[in-house]
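Once you scroll down, you'll see the structures, which are given as structure tokens.
In what comes next, chain A is part of two complexes: it sits with chain B in the first one and with chain C in the second one.
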Partner chain A sequence: MEVVMQEYGDIVSFKPNVSRLDASQAVEFKDNLLQQVTVGKIRLLLNLSEVTFIDSSGLGAIISALRRVGVKGDVKLCCVADQVMEMLRLTRLDKVLEVFDSEETGIANF
Partner chain B sequence: MEQFYFSKHEHRQPYAAVPYSPWREFLYQYLATINIGIGIWYFHWRWFYSLNTEALWFSIPLALAETMAFLSSTLFIVNLWKHKDVPQKPPALYANDILATSDRLPEDRPLKVDVFLPTYTEDPELVRYSIRDAKRMRCPSPVEVSIHVLDDGKRSEMQSVAEDENVNYITREDNRGFKAGNLRNAMEITSGDILVILDADTRPFPNFLKNTLGYFRDPDIAWVQTPQWFYDTIEGTPLTDWYRRKLGRVGGWFGRLIERLIGPVRINQDLFGSDPRMFYDCILRRRMNYNATFCCGAGSLHRREAVQRAALIRYGSEMEDHINNVTPDMESAELEEALGFGARRAFLADTEVTPYKYHVSEDIYTSLLLHADQTHQWKSVYHPEVISKMLSPQDALAYLTQSFKYAGGTLDLLRRDNPLGKPGLSSGQKTMYFASIFSYFAAFWMVIFLITPPIFFFTNIVPVNGFDLDFFIHILSFQIISQFTFMIGTWGVNTLRDVQYYVAFFPLNLKAIWTVLKGDEVKFKVTPKTSEQRTYLNLVIPQLAIITLNVLGILWYLGRIAMGYEYDLMGFIIAAFWSLLNMNSLLVIVRAALWSNGEGTR
Partner chain C sequence: MANQDAIYLSVVIPAYNEQERIADTLYRVKGYLSEQDYKSEIIIVDDGSGDLTTEVVKTIDIYGEEMKNQKVSTIMENVKNVGKGFSVARGIIKAQGDYILFSDADLSTPIEEIEKFLPVLESGCDVVIGSRRLTESEVEKKPFYRDLMSATFNAVVSLFAISGIRDTQCGFKAFRREVGHDIAKRQRLFGFSFDVEQLYLANRLGYDIKELPVKWQHMEGSTVSPIKDAIKMFADVMRIRLVHRGLTRQK
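And then the complex of A and B:
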């Protein structure tokens, strides 16, 4: 899985270049995220602009990262497609994961 | 391969599921309707005309026990009402075959199946049998199958066997959540569209995948349960041989005569009552009618997305509840937000997403939660054909421990997530889940049935107001129609052991009810067996006590008759009949406790 990463101070923007974040991608996606956490990057902004479809395994990977970043860290989302937003609402995880319209807004309000 | 006690049973062939017959079903529904009608007529008479008003302390509990038993059997009648088998479809081959149109991949790929073999303490060489059979499953091309041994025991021998057999070995640092946690851990590092859950001793047949993957072509099917067939139950001794051994040649002739008259009889066959055919072929199969077939663990297939999605929804909802509990309507919005943020953090730190609920009965609980998913109407399937084999408990302790776990786990659902009040479940599903729980309460009325004859023997008091014609008309009509209804309802399945254990399990079920009421962990605590001890009579003391009470009661009453005291002959005949019937059921568990044939060990 190709991932574009950019650092803004202690915040890392993390953009997976896949259109579907499903079970077949979730393990690798999660491993990538947790790798960042392991090296101390615990403020992660996930830019999902390329993702048009997410399933429960993809969401599960994000929750795993959110659990792993601990009290001082956080995981937030930006540029989410309608289907992704729908999944977040369905699982009520929109109450847990803050969503921004753009990467800039996300960084500014992290 | 290493030989085990079960190696000599390898030749055994499974039963064929009872074929569906619309005529038999119609006859059953006809009888069942009459049964309920006669039941209402009987209980009207029972409560209003038959009570012995001079001994209400005796007659009311018995009438109440009978009424509760009738309610329970009515739930059973409803359960067995109708067949609704789902026709088998050709196996799904590609990922898009199992997805709804809106979720399909732009570029299709072969379907991926993960086979999980969770193990903890089982002998790695025993698990090798299951691995080999899993490898022998015929896999319809181009489906990709990966086999994973999930070893919570972190054993190097198990790892060697897995590597030797060229299958994946997965372990983890802790044992949190036991089997459910083990499965969760494996799900996090695998990506198959369909998960197959086997136990360490579950040995799938070659047609396992071929015959079940087709069900998932319906995108609403969340899981498929297949029957669990134990191929190592006690085979028993033919009646002719048994009589010959006990009574010589004449006994042998007698035995042969009986077998010619009523068909083959085997003494001690399936003494532990492990054969779950009645449960699978009758109860679970016909729950398809209500979309209420629940998962029983080993031998099941699951749609990953269904299990994972329901788990996330539960997670989100539990977190919301947790935050709401910490921040009840506060005046300061800022304070509420800050507290909510802290609560969210605490919840995230403490709570995992658990696809399989961490619970002693994780299978039925997870099924209930999936059926209750209000964002998707998930369906479950029972596949009636036996397509795997597994091992059963080989002594009374192992058997009682397992049964206690089932009883306690199922009863615990009532405390945690009462299905009757669970939003998202249909009325049929609520009724069926409740029926599973309610059946364990039989212990209460069973105690009353078991002590009624001795109370009569020792007091000469009868619980009804007389044994007149009216009594016989009512009781015989009700009993005969009930027996016929259940005979037709369970046609083709031997229910003898189920009936006997239904009676004999009363202390175990009472203990399970008490454990759940106290909120204790569902765990069967016993004194470890010493090396000299070969039997488990200590586990069946309540049953022995009831048998003793009945035997003494009969002797006491016979003495009473012999000594010329006042007696009630009809009362004695009826009480002795029930007493013998009850003792016959109780004796099964005593015989099981005494059973020792050197099997069960390598």
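And then the complex of A and C:
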């Protein structure tokens, strides 16, 4: 999985270049995220602009990262497609994970 | 009270195209059960939903496990839409708890109502069913057609299948495990009349049935068709007697 990462101070934006964030990609995606947490990056902005489909595995990877960053860190999302937003709504995770329209807005709101 | 190592309560929830409300249901049931001092399990049976019901359940399981150390549910998926009765029977047969509660996915009867049921089950009663038609029942007004359907259906059931029960259709029923398994394995009707069949079986097999008043709130999203389903339910009641003729008492 190709991932574009960019650091903004202590915030890391994380953009997976896959259209489907499902069981076939979730483990690698999760490993990538947790690797960042392991080296102390606990403020993660996930840019999902390339992702058009997500399932429970993909959301599970994001939830794992949310747990690992702990109370001092945070995981936020930006550039979310309709199907992804629908899954967030149905699972009520839209009340747990903040979603922003752009990477800039997401960074500004950490 | 319960042996701390064994599952005390199993909650079986049948679901068909419930993506819009299964999350709230599951958060609520998981939240409630995780506060109890007994071990429990939740079994969701997805009856061949064409929506995201199963994915929502799986995601909430991951969330509960990761963020709240809650145990994941068991999700059973029917390969096609078979019927609510089939789903309930499948879930009950899978359940390992000392006591098994079947609850509708809309939680029309709040999960907290189980607290009234457990002492009765512990005292040795085999089947405890929620009722909206007892004096102490707290029932929010139902739409007129559903009230009429329910009253007519209960009269038909009382006349042709099992008498003495005021409300056979409340989606909140609990069983002792062995009794639940016995009844579920004998079920032959898998549509909306499965409740009557379960009670008919319990009665014919000699199991005790206790009806308890519950809180009940009408939830939007019912898929009941007043005329079509009423005719089908009436036919089902007649079938129950036919299918289970020759049944002998177990207790």
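Everything that follows uses one rule, which is that the second predicted complex is superposed on the first by the 110 of 110 C-alpha atoms of A that agree within 3 Å, B and C clash if a C-alpha of one lies under 4 Å from a C-alpha of the other, contacts with A are read in each partner's own complex, and residues count from 1 in each chain.
In this text, contacts are C-beta pairs under 8 Å (C-beta built on N, C-alpha and C of every residue); 3 or more make two chains touch, one makes a residue touch a chain.
Quick caveat: nothing in here was measured; it's all calculated off a predicted structure.
Novice: Clash or fit: chain B and chain C on chain A?
Specialist: Aligned on chain A, chain C clashes with chain B.
Novice: With the two structures laid over each other on chain A, which partner does A:T91 touch: chain B (first), chain C (second), both, or neither?
Specialist: both
Novice: For A:F53, decide between first (touching chain B), second (touching chain C), both and neither.
Specialist: Only chain B; A:F53 stays clear of chain C.
Novice: Of chain B and chain C, which one touches more residues of chain A?
Specialist: B
Novice: One more residue to check, A:G73. First (chain B), second (chain C), both or neither?
Specialist: neither
Novice: Which partner does A:A26 contact after superposing on A: first (chain B), second (chain C), both, neither?
Specialist: first
Novice: Determine, for the stretches 42-50, 240-248, 330-338 or 366-374 of chain B, which one clashes with chain C when the structures are superposed.
Specialist: Among 42-50, 240-248, 330-338 or 366-374, the clash with chain C belongs to 366-374.
Novice: Of the residues on chain A, which ones does chain B touch that chain C also touches?
Specialist: Touching chain B in the first complex and chain C in the second, residues 55-56, 59-60, 63-64, 66-67, 90-93, 96 of chain A appear in both lists.
Novice: Which chain C residues qualify as touching chain A in the complex?
Specialist: Touch list, chain C to chain A: 19-20, 23-24, 27, 52, 55-56, 58-60, 62-63, 66-67.
Novice: Which residues of chain A touch chain C once you look at their complex with the stated criterion?
Specialist: For this pair, the touching residues of chain A are 55-56, 59-60, 63-64, 66-67, 86-87, 90-93, 96.
Novice: Per the contact definition, I'd like the list of chain B residues that touch chain A in the complex.
Specialist: Within the complex, chain B touches chain A at residues 103, 105-106, 109, 112, 188-193, 304-305, 308-309, 311-313, 315-317, 319-320, 323, 344-345, 348-349, 352-353, 375.
Novice: Help me check something: in the complex, which residues belonging to chain A touch chain B?
Specialist: Those residues of chain A that touch chain B are 19-20, 23-24, 26-27, 30, 53, 55-57, 59-60, 63-64, 66-67, 70-71, 90-93, 95-96.
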